[in-house]
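See the structures that follow.
In what follows, chain A forms one complex with chain B and a second complex with chain C.
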Partner chain A sequence: MTRTVRIGLFSAAAVVLAILLCWTAVDLPDFGNYRGPYGGLLNHVAPAERHVTEVVTATVFDYRGFDTLGEELILFTAVAGVVLLLEQGERGERPEPSESIGSDAVRVLGALAVGAAVLVGLWLTAFGYVTPGGGFQGGVAIASGIVLLWVATSLRVWGPFGSDSILDPLEGVGAGGYIVIGLAALASGLPFLTNLFGPGRYGTLQSGGSIPFLNWAAALEVTAALLILFSKFLEEYVVPLAAGDER
Partner chain B sequence: MVATLAPLQVTILALVAAGAPLVALSRDPVRMVVVNSFYNWALVILFVVFGAPDVALSMLVVGSVGYPLILLVAIARSRRRTQ
Partner chain C sequence: MSVLPYLVAAWICLVGLYGIVTSRHLVHLALCLTITQSSTYVLLLAIGYVKGGGPPIFKGVKLGTTAVDPVVQALTLTDIVVSVAVLALILALALDVHERAGTMDPDEIAELKG
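And now, the complex of A and B:
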């Protein structure tokens, strides 16, 4: 394809896209004028019914808890797919990775960031239904903190955190735990994933009924899923690369 | 009630609008990852300024952990191939 043809194609597509975008924008509600009734309704109902101060998390783990189960299983399946694709049999002897990190600054700042990121992740999860946050964001923050261990120290220190025999059960417990909490409602004669416990004290960690449990199950699932992903990527791409640099 | 855009909101919208082409125009992939993380910060601030802290947090973790990771792996892999 020559340059002229490509520019011609791009211009035509850009004009069509611009027209479609303008057409859509004309019918948008005015800025700040939210028309959907659902958000306002939940803002009224959730604090009264569940004693939570964070309606987004209450929506995610309670009023729309079933959708979140789907999202969790999407992550679970995606990670399983990545592992299947990357683990194509044993690749013989693994090269011993290089251990040295040149920069002291990376080591010191990295080591500090490990604790900070894990703490922020735990906090985001624990207070997910009191202040903005929740299991998904918290889980990613915890996992990224642990990943920083590899950046700041060495593959040997990171090793146990990337081990299949630890992460696979944890991920299973996270994903399965969510379903078990849903089934507990079924067992007590209520619809799947119905909030089982009392609302607790308004705006404290003891509020929201089942929400904290689902929240922590999701955090566990997300943390383990991301660590599995990272350890697979590391084994497949970064370790062979580092060994190649040595030679 | 119809709200109007505050100056802060206009500023951050302009920053985001200016940032997107900057990401697309950086040719070196590693530089693109770095520029993209600055752009990601602009998006995070955008969500905070528009009163969506939850979305901002999601943007923060996805943009600063998940996405760069995939990009860097992809870059590492393509470099290994070309060598």
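And now, the complex of A and C:
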């Protein structure tokens, strides 16, 4: 199929799709008038039952906790897939990576940004069920902070943070910990992933029962998964590319 | 204009699809797929909006205050995580294709395969 034919076919199909989408949009409840019972119910029930003030996190790690387990496993599987894909190719000799970062400004600002990003990530995770945040968002921020180490310093400093022997167990503990918390409920005679502990004090870090534990497990999983992804792309693509440029 | 947010979602979806169909580079194609997917974020969040509602976060806010639907926000979060995971996989595949075919243009790859 040539490019022209393909674009022509797409244009025709897109017009039909656009008409269908517009038709659907007109029949949807008016913007702002949707009254799905589930969301409104959770807004009332979650703070009362779990004493958490962030209902989105309560939804993610409690009322839809099983869904989130699936989400974590998707991430886990995708990372495994990326590692398999990137590591299978024979890429010949690994060139020795260069270490030089010319700019002092990059080094100073980068070092500051590393601390700031990791701190923000820890804060987002820790208070994820009190104020806006949560394990997923926090994990992304922490991982970005650690990745900045490579930008601001050198591959040598970044090295241990990207090593399989550290990240693989951490990712396993994150994903497995989530399942273990779910199984703990099963062991005590309740359905899988039932919130085990008391609600605690309203709107504080000691609230939510098992939500904080699931929250931290997710943060660990996301941090490790993103660092593995980054270190694989770095090893297999960026470093050889940079070495190629220097030659 | 109470259907405008839904139409925005539809538009983002179509624009993303257009990008995929006309793409000349696999990385560009992967990003267009992500754009198509992001139309679902807009749709989900638009559906969950309640007129005059605040965020579903009640720290320092009286309980029972009108708030938007937290469920669609949780779904959007799931959606984003899945999107990132899939994007990483696609980019790894693109890297593999580049090594085997020596090109990132989907049309040229199709020509090589005949």
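Note that the second predicted complex is superposed on the first by the 229 of 247 C-alpha atoms of A that agree within 3 Å, B and C clash if a C-alpha of one lies under 4 Å from a C-alpha of the other, contacts with A are read in each partner's own complex, and residues count from 1 in each chain.
FYI, a residue touches a chain if its C-beta (ideal position, glycine included) is under 8 Å from a C-beta of that chain, and two chains touch if they have at least 3 such contacts.
Here the structure is a predicted model, which is why all the values come from computation and not from measurement.
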Which of chain B and chain C A:205 touches, first, second, both or neither: neither
Which of chain B and chain C A:124 touches, first, second, both or neither: first
More chain A residues in contact [chain B versus chain C]: C
Partner chain(s) touched by A:16 [first = chain B, second = chain C, both, neither]: neither
Partner chain in contact with A:136 - chain B first, chain C second, else both or neither: both
Chain B versus chain C as contact partner of A:144, first or second or both or neither: first
Which superposed partner A:237 touches (first chain B, second chain C, both, neither): both
Touching partner for A:183 - first (chain B), second (chain C), both, neither: neither
Set of chain A residues, in rising order, touched by both chain B and chain C: 30-33, 54, 56, 132, 134, 136-137, 233, 237
Complex contacts: residues of chain C adjacent to chain A: 2-7, 10, 13-14, 17-18, 21-22, 46-52, 55-59, 61, 63-64, 67-74, 77-78, 81-82, 84-86, 88-89, 91-93, 95-96, 99, 107
Touching residues on chain A, where the partner in the complex is chain B: 30-33, 54, 56-57, 124, 132-134, 136-137, 140-141, 143-144, 147, 226, 230, 233, 237-238, 240-241, 244
Chain A partner contacts - residues on chain B that touch it in the complex: 1-5, 53-54, 56-58, 60-62, 64-66, 69, 73, 76-77, 79-80
Chain A residues within the chain C interface of the complex: 3, 6-7, 10, 14, 17-18, 21-22, 24-26, 28-36, 38-40, 42-44, 46-48, 53-56, 58-60, 64, 67-68, 71, 74-75, 77-79, 81-82, 85-86, 89, 130-132, 134, 136-137, 203, 222, 229, 232-233, 236-237
